[in-house]
Amino acid sequence: MERDLTARLSATARASLRWETGLLLLVVAILIFGASTSSQFLTSGNFFNTGVTSGEIAIMALPMTLIIISGEIDLSVASILGMSSALLGYLWARHWPMLAIFVMVALLGLVAGLVNGLLVTRVGLPSLAVTIGTLALYRGVALILLGPNTISNFPASYTNIGVLPLPGTQIPYNVAIFVVLAVIFGIVLHFTATGRSIYAMGASPEAALFAGIRVKRVKTMLYMTSGLVCALAGVLWTFRLATAVQNNGLGLELDVVAIVLLGGVSIFGGKGTLAGVVLAVIAFAALQNALLLTNFNQEATGIVIGALLLVSVFAPNAAALWRTGLPRWARGRPRRTAPTT
Amino acid sequence: MTSTVTERTGSAAAPGAGSRRLTERVFRIRESGIIVVFLVFVGVTTAIHPEFLNQQNIQFLLVNTVVYALLALGETMVVISRNVDLSIGSVLGLSAYVSAGLFGPHPGIPIPVVFLVGLGIGLACGMANGLMVALGRVPSLVVTLATLYIIRGIDILIVGGNEVTAQTLPNSFASIPRAGLLGVPYLAIAVAVVVGIGAYYLRSFRSGRELYAIGSNPEAARLAGIPTGRRIFTAFTVSGGIAGVAGVLWAAQYQTIDSTAGTGYELTVISAVVVGGVAIFGGSGSAVGAAVGALLLSSITSALNVLGISQLWLEAISGFLLLVAITLDRVISLRLQAALRRRSAGVGT
Amino acid sequence: MRRTVRRALWAPVVLLSASALLAACSSSGGSSPSAGSSSGSTSSGALKKGLKVFVIPKNLGNAYFTLADSVKTGGALAALGTLGETGQETSGTAATPASQIPAIQAAITKGANALIVSATDPSALCPTLKAAMAKGITVVTYDSDAPACRDIFVNQASSQAIGETEVDLLAKEINGTGEIGIVSAAASATNQNTWIGYMKQELKKYPKMKLVSTVYGNDDPTTATQVTQGLLQHYPNLKGIISPTTVGILAAAQVLDTSKYKGKVALTGLGTPVAMKKYVMDGTVQKFELWNPANLGYLAAYAAVNFASKKITGAAGQTLSAGKLGSFTIGADHTILLGPPLVFTKSNINNYNSWGF
């Protein structure tokens, strides 16, 4: 049994690997495009700006990757970010010490993730519906906490993460945290038994259950991790903008999902690599930045992202279609199908 | 023990009639559940604040619901077949601006033409979605997420910094959403009829029922000879066309249209559909339930505003109620499954 | 098999780290404009030409800002063209700080000499704007301020004047008696809250008028419509509504126009004449006000160029000469006022047809 799962993983990894290569080429193409259209693109100052802008979205994409591979989805990520930001502001305005605030915010993220996880695994609700509900619920909590108020008197030592890089380098704090988390998540996903079980439950929940994998526990842990990481993203976001306000992070969830899908992770679960998502993050951030530096019409950026997303699903499918032929109803005359590889 | 056996054999004696009764009860429970919730909600709110049910507010409520109910109908067809259409908000926005924008440069244009333009735009977008999902066999979540971005981007490029202003719209167009009798707009009646037709089609026509089959088990449906590709293509096309018409109605309702029209509608509509008892994994649910879900969500917002509850609580309450609704739905369906299992176990012995 | 997979997966990770190191080690690229910290002295002489000026409204695709910025309406970009500078409009599409900041950063990277910004948030932009000012870039805010991090703020009208005139307009229509409500934008919008504060103060002059509720339309037509309806239904004796936001007043006008409240509830606020024309002509709204957005942008452009050319430092009492708009005296807190709001009525609204496209 274990051997079958391993063999399947290798085949899956092999298939995804081709997608990562494509992504790598895409990143290189974007870098060349950016460098050729603007002399400022490849500078470290610009790298800092790009990193700072996309840091939180990148961080949130990491647990989302694991959740989607396991066969679920979490649309409440941006609302957890907003809720954490609101709690941070709320407690700071009441003169709590920062360390205590961090603990509370982390707890909040864990609880938010736990609620998601329990509703999905114990009550058995579909994660798309649940997280649409918690998206509204958590954003509502942020609204209740802060109301119309804006808290912006955070000490400069914290808000400097938005303008100052790690000392001695041009790397923003967000990016450094992202790299550390990416390595951790990558190791868990690709080199531990838990990671293999995540693939297994995404590929076939029943088989995973029969293989002895504790699907419910792992999924709940994934949601709690997502909650915790999004709470961290909320803290970073608040300090970077030096502002806690109830609409922090509004609408980011679809961007996060788009990046993960762009990274070659299948929405059906069971397929995808963390390296792919990292590359997708770079591609997404670099592309937005490159377009900003040219005189490209900013309003059309959405079209480019959408088109990339379509390519991300059609490219592997195009290859498959080439091999097996069009579905019968589109072919017209019956044709002998080619042997599937 | 003996009594249970007799009970079972008794019911097994007429399995056809028994299962039909159960099926009807299934459908009735699913829809009547949401209708009961709606009525209770309206009742409680009116008891607290009788102004909620006066003629003016009924008109407000129905006018607000019309667009959502239409969108819910289209989305139901798609969701039943185990897909999802996230692009409806963008299609609505594009259709609203382009169709209502015709009145400015062409003041005498007949209103049906404007509707046809909106319908055409919606159908084109729906067909694009349908082709990609059915032909390309790619997951609809990804495709419609991408078209959500792309169509909104096209809309923004076309609109630029302009907007369609109320001054350019003829009165006959602007009065479409509100013209009515005793506070009930004719349009609301028309939409209710359309939803009824849609529900009847889904339940009674073969091609409609096949959508349920596709949603329950796509592979089995394909093997059973159902033309899944064609059905899914049609579902998306219809969903797009409905979004296009909804866009024209949106324009008539709000009368000022810029590039943000319809933003965020997709999640609200999916919420309404789910609240209305349509399973997100496909295979069950009814269009009537979805429309009632849309009505319920509108009523909640209206009630909270009328009751003077601080707007700050609105979002949280909406999210919470959505979770309650889908939990209830799940509990009910679990009970039903248990009942069905008990019944079929009885038949089997 | 596994080892090959492992090695292959490490490749992109190594590439990422390599490029990060490369970027971190490379020289920080040229983005500083011609040197010059904001000194206290002014220079006499001609204005600088060829400055790179970026106009950054709250969001693109917003009709109000299109009026304020574009060449066609005589806004900021038109002024910049007249002065011989290179002007460009850029921003995000979401009217949030997260959407606006990348545009500001890109402008800085592209070598901006001056930024003209309508702030999506009074404090969230500050880290970025302060960094810009440290580089010697002129930062002028217009329409919506970020008080702690700009050189000059060009205000459309004094917040006090807006608050007071709104209340006065409504008071005249309802004879100073009755319950009124406010339909605002986002609950956290600073300029809204400032104006509402002054409105509440002005209301003290009318003891028979009572503000019963403030609802938030979030600049979204659907939400604004629903909160207006709720307001009308919850307060059956409501006599008047003030909506100091263009989206809000349109939604409120449309609700009143098509309901039993038409003519019974007065409405005023801030709106654009072309969008509001229908409701003025059919009597739903008697009067409302605004300033000329194009003039606001035009003035902001002149302020930015003058500051960048060191002709003004923003200190109170200095004079700014703004082309076709004439001369302005700089007030306290580095603020320049455009002037009193314009009141639109049925009789003059047709004069402003050019404020559209």
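Before moving on, here are some points about what is shown:
All chains are identified by letter, namely A, B and C, in their written order; residue positions are counted from 1 within each chain.
By our rule, a contact is a pair of C-beta atoms (placed from the backbone, for glycine too) under 8 Å apart; a residue touches a chain by one contact, two chains touch by 3 or more.
Computed from a predicted structure; not experimentally measured.
Chain contact topology: the protein chains form a complete graph, every chain touching every other one. Among the other chains, B has the CA centre that is most remote from the centre of chain C. For the interfaces A-C and B-C, the C-beta contact count is higher for A-C. Computed centre separation for the pair chain A/chain B is 29 angstrom, with centres defined by C-alpha atoms. Chain A and chain C have Cα centroids lying 33 Å from one another. One simple way to say how far apart two chains are is to compare their mean CA positions; for chain B and chain C this gives 37 Å.
For chain C, the set of residues touching two or more other chains reads 60-61, 93, 187, 216. Among all residues of chain B, those that touch two or more other chains are 156, 160, 259, 312.
In chain A, 143, 147, 251, 299, 302 are the positions where the chain touches two or more neighbouring chains simultaneously.
The touching residues of chain C, counted against chain A in their complex, run 1-2, 5-6, 8-9, 11-13, 15-17, 20, 23-31, 60-61, 88, 90-94, 96-98, 101-103, 105-106, 109-111, 121-124, 126-128, 130-131, 186-188, 190, 193, 216.
Interface of chain A with chain B (complex): residues 119, 123-126, 128-130, 132-141, 143-144, 147, 251, 254, 257-258, 261, 266-268, 297, 299-307, 309-310, 312-314, 317, 321, 326-327, 329-330. By the touch criterion given at the top, residues 84, 132, 135-139, 141-143, 145-150, 152-154, 156-157, 160, 227, 229-230, 259, 264, 267, 270-271, 274, 279-281, 312-320, 322-323, 326-327, 330, 334 of chain B touch chain A in their complex.
Residues 6, 10, 13-14, 17, 20, 23-24, 38-40, 42-47, 49, 52-53, 143, 146-150, 152, 159-160, 162-163, 169-171, 175, 179, 182-183, 186, 190-191, 237, 240-243, 245-252, 273, 275, 278-279, 282, 288-289, 292-293, 295, 298-299, 302 of chain A are the ones touching chain C in the complex. Within the complex, the chain C residues that touch chain B are 60-63, 65-67, 70, 93, 187, 213, 215-216, 220-222, 225-227, 229-234, 236, 250-251, 254-255, 258-261, 274-275, 277-279, 281, 356-357.
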